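Written below as structure tokens is the structure these notes are about.
Read from first to last, the chains carry the letters A, B, C, D, E and F; within each, the first residue is number 1.
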Amino acid sequence: MATAFKTVEPLEYYRRFLKENCRPDGRELGSITTADGSALVKLGNTTVICGIKAELAAPAVDSANKGYIVPNVELPSLCSTRFRSGPPGEEAQAASQFIADVIENSQMIAKEDLCIANGKLAWVLYCDIICLDYDGNILDASAFALLAALKNVQLPSVTINEETGLSEVNLKQKNPLIIRKHPVATSFAIFDDTLLIVDPTAEEEDLATGTVTIVTDDEDRLCSVHKPGGSPLTGAKLQDCITRAITRHKEVKKLIDKVIKSIKPK
Amino acid sequence: MAPPARYCVPGERLCSAEEATAGSGTYTRHGFIFSSLAGCLEKRSEDSGLPVVSVVRDAESQLLPDVGAVVTCKVCSINSRFAKVHILYVGSTPLKSTFRGTIRREDIRATEKDKVEVYKSFRPGDIVLAKVISLGDAQSNYLLSTAENELGVVVARSEAGVQMVPISWCEMQCPRTHTKDFRKVARVQPQFLQT
Amino acid sequence: MAEEEEEKMAAAGGGCCLRPFSCEQGLLSRPDGSAAFLQGDTSVLAGLYGPAEVKGSKELPDRAALEVLLRPKVGLPGVVERSREQLLRQTCEAVLLGALHPRTAVTLVLQVLSDAGSLLSCCLNAACMGLLDAGLPLSSLFCGVTCALDPNGAIVLDPTTRQEQEARAVLTFAIDSTERKVLTATTKGSCSVEEMQQCLVAAQRAADTIFQFYRDSVRRKYSKS
Amino acid sequence: MPLDHRRVRGPEESQPPELWAAAGEVPVEGEEGEDKDAAPRDPCDLRPLFARAGLLSQAEGSAYVELGGGTKVLCAAWGPREAAEPGAAAPAGTGRLLCEFRRAPFAGRGARWRPGSASEREAEREAAAALQEALEPAVRLARYPRARLAVSALLLQDGGSALAAAISAASLALADAGVEMYDLAVGCALCRSPGPAAAWMLQPGEPEERRAVARLTVALLPALNQVSAVLGGGQGSSPDAWVQALRLGLDGCHRLYPVLRQSLLRAARRRDATAAAAATAATA
Amino acid sequence: MAAPELLSDEGYRADGRRPAELRKVRARMGVFAQADGSAYIEQGNTKALAVVYGPHEMRGSRSKALPDRALVNCQYSMATFSTGERRRRPHGDRQAGELALHLKQTFEAAILTHLYPRSQIDIYVQILQADGGNYCACVNAATLAVMDAGIPMRDYVCACSAGLAEDTPLADRSPEEAAGGPRLVLALLPASGQIALLQLSARLHQERLEAALEAAGQACRALHAVLDRVVRDRLREVTALLGD
Amino acid sequence: MASVVLSEPEKLYIVHGVQEDLRVDGRGCEDYRCAEVETDVVSNTSGSARVKLGHTDILVGVKAEMGTPKLEKPDEGYLEFFVDCSANATPEFEGRGGEELGTEIANTLYRVFSSESSVDLKSLCINPREHCWVLYVDVLLLECGGNLFDAISIAVKAALFNTRIPKVRVLEDEEGSKEIELSDDPYDCIRLNVDDVPCIVTLSKIGYRHVVDATLQEEACSLASLLISVTSKGALTSMKKVGKGSLDPESIFEMMETGKRVGKSLHIALQKILDEEESLGTSRQKVGFLG
């Protein structure tokens, strides 16, 4: 009758099971050949795919030496019944903004690196992050997928022909992107104002009274502290989260390096 | 104990309709029984007549409330004419998504229907056992009834937030504050009681 | 019964101070509660409707459904606004005793009138004053404080747009009134952990001043009427 | 075109790098060259198809189909739910099947598909309608009065024959969700290359599909031998030629069926095994 | 300003009409079989179709039902090929919305809506070819269609536009005359002389309003005569068929 | 989509009738209803036609406008289809209600015209990569009495036949800048060759047989139909199954054969009407909606 109890009294159920819980975690990377870079990330059941397409455009007038990075998170109705089909809803938009902030704050890619000819031509990296299976912690998974996908982007070399002023693309010669920082997001669900669980599932997120996401970079600097409302935390608790996030950053970084290394030899 | 289970997919021909009768998860066409589910084949021999062939999946089958089924539901709002509920279970099978249902005032009790008051029978949040009496028409949703002794409120909380104890067919009491509240109380059948 | 008041803040230690701020409550007649909050040249107008009847699918069986709409000064709301709406909504939900009004809707509309830096904290303050003005039951108050870290590492409280642009990092906190805990935090740019903690302490200190201001303005409002 | 306020926007205009690639080194040509070098493909040849059912945790049923050409489709299905508005329900006594088809912005070769743009919405809507027509005859909708069933397909990579792959994946997902069906719907695509004597070939890849003068997608309910979808067009030819193509396509469906069936059986076994393991764990 | 060109010295207009003369009007009732009422009208080169459904049960949300009368629901659309430059959308733009609202107001004044409480009457008009006076053609077509549907009305509603060339009022303005100068659109219930809708665009001296209004009213009454003949012919036709 | 609700006995009556090759209106299974075709009904278009097939009433306007050729086909013009399911046909189409059906029909038309030979697109090119004629084929659905697709395709073909595109000359000056000059003579224009424009034949499966040109009532009895487009030479350019049901392969093959046969005679009949109308020239009395 366990399933019965779960639907009728979900909160009770969780309080009872939290003490002795341990959650599985598996990850793998996939590839999309129509994209210039891609990655599939699994965090528990949560599955996120990120495909990056590079296109060329004129840089914006006010930042002539910069390219563009356009991140968008989609939560299609396929990934969970909680999302309706149609244009992105609030959660997807908030996630898109969060990813955009992480890119901006961490300076993981210098937008100057994406500029080909000052004021004339620059790369646009469209980073489309699509959730395939939504079981919570979409922010960590999205940030991770983005980083992993950026890591395997290969851009064709572009030169500007001096005579004609036209750009020429050499599709045969491809270069990787320079990734300057490796931001890693770690989310916690706040439970009953005191208990913090890392990497919450969708069910845990629903029952939690708040969430907090910490993004750190390779030098243990904070790229983002994102706590959108919910249960209040003391400074000490926040510090606790940050410390745990820093530890996790190291584990995740190791994993990325391992995966990238395993792909490279091909 | 049994030979290895045979799994089948929708559209798989199981046997001739003369050899067996079609059970759940199957359909008959052109004199043959076909599977309509992806699941495990089950052949049960009845003492009299043909064996029943059915295709079963473990508990989580895709059920819908049907007329005559006893359902467990949660009251979400009440007014003077009816109570609106969410159906959570059909029989003992939990539904994957809730269905809305309505218990009209005249369907609450079997007797003295005109004296029934909705607020004296249900409160939002109550867990109620009810029977489906109609699938409803284009405008309304499932119509439910609690006009049987075994049907009615099974779980209710007092204002203090404590689960109340039934003390009669129409009253429940809070064990902490000892206040009494009116309800259409169900007499739960012993076989459903769980220790 | 409009009410206006202005308060000049003295230097609050560490060489940083809040810009002058003021608030006018109950200035709109249609909404159930309203407030205009000014921080320096940044100002936000909040209108609050509810608890009111809720439309079909948004209804929550156990509490009020809160909706926050953030309207930019010009143009239509975009992804940035939607993300801030979520943050503001969840901040308000943390203090709003919504369980007292189940199956109702509370709508908070925030209209940006001018943005001269620290916009998010101004939105938070306007939201809290709006909730107060509507007389909705709250478990505590909250206030928004923005801190900027200038290139030298000094903390600037309530920065102007210019200061925000020059800063290495800009952090915005929402602090609750009972225990000075962090309800909301969001950052722009990167900083070290220590810097973040220093900013938080500064924000908590500034919160005291703001809560005192809340108290004074509400007292004035009720003593007059 | 109205601006999209729900997505992070990039520059107003951008072009894929292929547009500027020096002539002769555009991969299209390269691929074509390779194709010509390679022995002409046997028209009856089927590309390898990989199918896996029951891989998503949140969906009640799910399936993933990958074709040799590189097409990757993920489908999720949900069993009966309350129809949102009872008034609009289909003829009394039956349920409704809702189909959705999304294309990942990065799924196509060349320029990124702009999600939310009018042309993209149109393309998705058309594919969704085709999916619905192909699936509806396979589902026992009469078993689900007043309810709705939902299928969503997400095209992750388009390597040709995408609609056919989506039809197969969607019917697997529905079956995996435990929805009562008359049969599986198996999709298969064909195309005819330019040239007077060119034959129809099965399951074209994306470059073949792009160059083709005629295309056809069929869906078959194999056990009932019923055709649930026929959708195609292109250069005119005699009915006999189309009949031949249709026969070839249906034959392709018959040959794909065992792969799909196996994936479904595997998923059913796996599900029962985990359920049994959970049961023993619970009793222990 | 533009006045000298509008009227020749002999007092004729650019298309050869006299100031008070209407363009050629041809109309037919009962164009479609499936609708409850339908009509087609040609006024010069402007061609309009009107179709009426109802009175019937409220469609969509019942909450819009009016307790004491029928709801008149209008949609105004223009075929994408109706104008010189191709239109992107047949309806749904602001202008179509405004004209639909005007139609609704006009016909609420004419139809005896109180006879059908809690029900709905749909009037859909469609411009097939646009050549000035679109709104007027729609009103006239809709009048015929409502009559064809057998819905009781107080009176015909006839609409006509009028402009001014200096002091001379011009009835039923053609698009060439539309450039510049004031424009007046009048929907009149001719028997009672009541005005259902009056719209004036551009500035007009108040002293001239009377004259323009009179010219438009005159034109509406002339139209009434034409429409009346169409209706009577149609009735004779129908009764003749029934009589056999 | 506009439809009628039939009771079971009514359906049975129709199905049994079809079985006997006797339809409710007295037609056989392969007979079309009487169709009225009239071209040049809207004067400010390049070409227009109205088709009335039973209660189905279609008006098509073709407008030629100058545009730029598509990137992948720099030396061709192109056709754009738009279908407006107007509220005239049924109140269900009010507002955006008809959009879904409209796009479905438009998509079908695109597929029908996907064959390169249906219209000579090269003749629509004015100067490669820069200017070409875009033919906007706008379909207005005025009344809906079954068999929409066939009626629309007939109307489209008639309108294209009627289309006259003004002749233009490209003038190039010394600096290489081009100017386009429109011919002064309104009768100096290009006509399209519509010999290879296909018509759609919808075959509705009713019981064990199939019928062409189904009425609304017959459509309500049919679970699945096959839509095929046939050229006057009897070549198939597209096919599509529509409806909730499925078809067995053999019946599809039969339907294709019937479709070809019926389609060919449909083309002949249509061409005859069009030629007759053409021969009358300007002396023809235009009837339009007044008839």
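Throughout what follows, a contact is a pair of C-beta atoms (placed from the backbone, for glycine too) under 8 Å apart; a residue touches a chain by one contact, two chains touch by 3 or more.
Please read these numbers as outputs of a predicted model, since none were measured by experiment.
Number of steps on the shortest path from subunit B to subunit E, with steps defined by chain touch: 3.
The central chain of the assembly on a C-alpha centroid basis is D. Per-chain Cα centroids separate subunit A from subunit E by 60 Å.
Rounded to whole angstrom units, the spacing between the C-alpha centres of subunit D and subunit E is 51. The mean-CA centres of subunit A and subunit D are about 28 angstrom from one another, to the nearest whole unit.
As a whole-number value, the distance joining the C-alpha centres of subunit A and subunit F reads 50 Å. Touching of two or more other chains is recorded for residues 79, 82 of subunit C. Each of residues 81, 93, 96-97, 100 in subunit A touches at least two other chains.
Shared interface positions of subunit F, i.e. residues touching 2 or more other chains, are not present. Listed in rising order, the residues of subunit B touching subunit C in the complex are 76-77, 124-125.
Residues of subunit C that touch subunit D in their complex: 76-79, 82. Interface residues of subunit D, counted against subunit A in their complex, comprise 4, 6-11, 13-22, 25-27, 56-59, 70, 72, 74-76, 78, 81, 100, 102, 104-109, 111-112, 115-116, 150, 152-154, 156-159, 282.
Subunit D contributes residues 53, 60, 78-82, 86-87, 89, 92, 138, 140, 144-147, 175-184, 221-224, 261, 264-265, 267-269, 271-272, 275 to its touches with subunit B in the complex. Of all the residues in subunit C, the ones that touch subunit B in their complex are 61-62, 102-103.
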